[in-house]
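What follows is a set of structures to go through.
Below, chain A partners chain B and then partners chain C, in two separate complexes.
Up next is the complex of A and B:
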């Protein structure tokens, strides 16, 4: 029974990590839009390439933040959470 | 012996040794103290030992050691670049040093305005420390920036700076800035105030860590692929890690070099933007002018009395 419980905990942690990374869609679309707009701007004004590029990288990094939050949650779920949950389980059943 | 001491080349060699030695010490510590992992393993910072401390133990981790090594190495880089400065530069390194200083000052002036000119050394330090910490992963050592504690510490430092410059017009003006544009948005403003350091810390940490994790996963995947392709060959021929030769380096150009330098640039850039954006410039200069007027009035009245 205990093995089953621990197995469920581990499986759910892995599933949760995978689900958390769905958030990768958002930054992907956002950064794609930003880069597309930057390409258009460079096409219109090739002389402002360096300015546009640095601003675009800046915006990309800010747009990436939500994806990185998801990444941090996923990493916590894979590497940190199972141990904590299992120890909580052990405490509750008194072992 | 005396001649050897004054030879500039000897001092240069010593300074270069000072740049490389910390990295070598870090590598030696890693080889000697950290048990080798079976295959490729993704772990956090290794704890070398725990110092006894009144409030629980103070663990001395790989992160702290590597951070100090990077700082010592950077110190020697700076000493090397700025040695023997002349008003008419005759060495390449002086050109490089001047270029770095000029570019940093230009960046700071362009993004923060004239009032924050003195920020250039701080921004340069943040850029250099962050970039070199991330680039440490090129030597196979644990990059300090892939530990949340380091980036969180920097973010808290930046948060203190932002708050200090927001308070330049007095604490009342600072508190009033939360009630804008409408007072009932104050809780949201408070949350967004605290979200700034959190997002800065997580952004830097997440980017470097994800690079490390993906590099490790890639190494495992390429190992599997080469075993799949060459595994049927007899003897040691089947063990050749064909796809691990050189291929990870290509990805490392993006994940280690590009990502590390970009994150350093972005951290410095956000620091500049937040500090300059939080500073109530108009109000501050208005008050300064009023103060100056009052002071000049006072002195003129005093002068009249004296006359």
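Up next is the complex of A and C:
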């Protein structure tokens, strides 16, 4: 029974980590759209290339942080959370 | 390597330098915070170095990708950026896993510097006095 409970905890942590990493897809799509729009903008006004590149770089870095949050949550769910949950389980059943 | 660096756009170089500077300054503050809380040891230094190098390198790689993407068609540029973002996220995943698995790195000192570029962008208007 205890093995089953630990297995469920580990499985749920792995599922949660996988679900968290779905958020890693969003920044890529956002950055792609931003760069596509920047290409169009620079095509219209080539003299503003420096300003557009600078603003877009900052925007892309901000967008990428969302993916990083997801990455950190996934890592914590895989490496840190199982240990904590299993110790809570052990304390609860008195082992 | 030197040729590769010479080919980087001046704007990308300037922004990467700014991000690297902010990451360096915040890394020093992080070391100081670990020292003050008496949790400092060599793993913090190594972890911080790994995290900060990854954060700054990730920004530089993003800049280089943007520079390459701007010379392409819209669809091709968008696809290149998506691919680059996924590869860079994988790189960061690898670094964080290294930080967790290897005992010579402090996990918090690896993860925290990854967010320094975001902080640098947040404080940029204050430093440059933009938006006045």
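Basically, the second predicted complex is superposed on the first by the 95 of 95 C-alpha atoms of A that agree within 3 Å, B and C clash if a C-alpha of one lies under 4 Å from a C-alpha of the other, contacts with A are read in each partner's own complex, and residues count from 1 in each chain.
In this text, a contact is a pair of C-beta atoms (placed from the backbone, for glycine too) under 8 Å apart; a residue touches a chain by one contact, two chains touch by 3 or more.
Values in this document were obtained by computation on a predicted structure and should not be read as measured data.
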{"item": "Combined model on chain A where chain B meets chain C, clash or fit", "value": "clash"}
{"item": "First (chain B), second (chain C), both or neither touched by A:72", "value": "both"}
{"item": "Touched partner set for A:49, first chain B, second chain C, both or neither", "value": "second"}
{"item": "Which superposed partner A:31 touches (first chain B, second chain C, both, neither)", "value": "second"}
{"item": "Partner chain(s) touched by A:64 [first = chain B, second = chain C, both, neither]", "value": "both"}
{"item": "Partner touching more residues of chain A, whether chain B or chain C", "value": "C"}
{"item": "Colliding stretch - chain B into chain C, listed as 3-11, 93-101, 237-245 or 255-263", "value": "255-263"}
{"item": "Shared chain A contacts, counted only where both chain B and chain C touch the same residue", "value": "57-58, 61-62, 64-65, 68, 71-72, 75, 79"}
{"item": "Residue numbers on chain A that touch chain B, as the complex places them", "value": "57-58, 61-62, 64-65, 68-69, 71-72, 75, 79"}
{"item": "Sites on chain A touched by chain C in the complex", "value": "24, 27-29, 31-36, 38-40, 42, 49-50, 53-54, 56-58, 60-62, 64-65, 67-68, 71-72, 75, 79"}
{"item": "Touching residues on chain C, where the partner in the complex is chain A", "value": "9-12, 14-15, 19, 58-59, 62-63, 66-67, 69-70, 72-75, 77-82, 85-86, 88-89, 92-93, 96-97, 100, 107, 111, 114-115, 117-118, 121, 124"}
{"item": "In the complex, chain B residues that touch chain A", "value": "42, 44, 199, 202-203, 205-207, 209-210, 213, 262-263, 265-266, 269-270"}
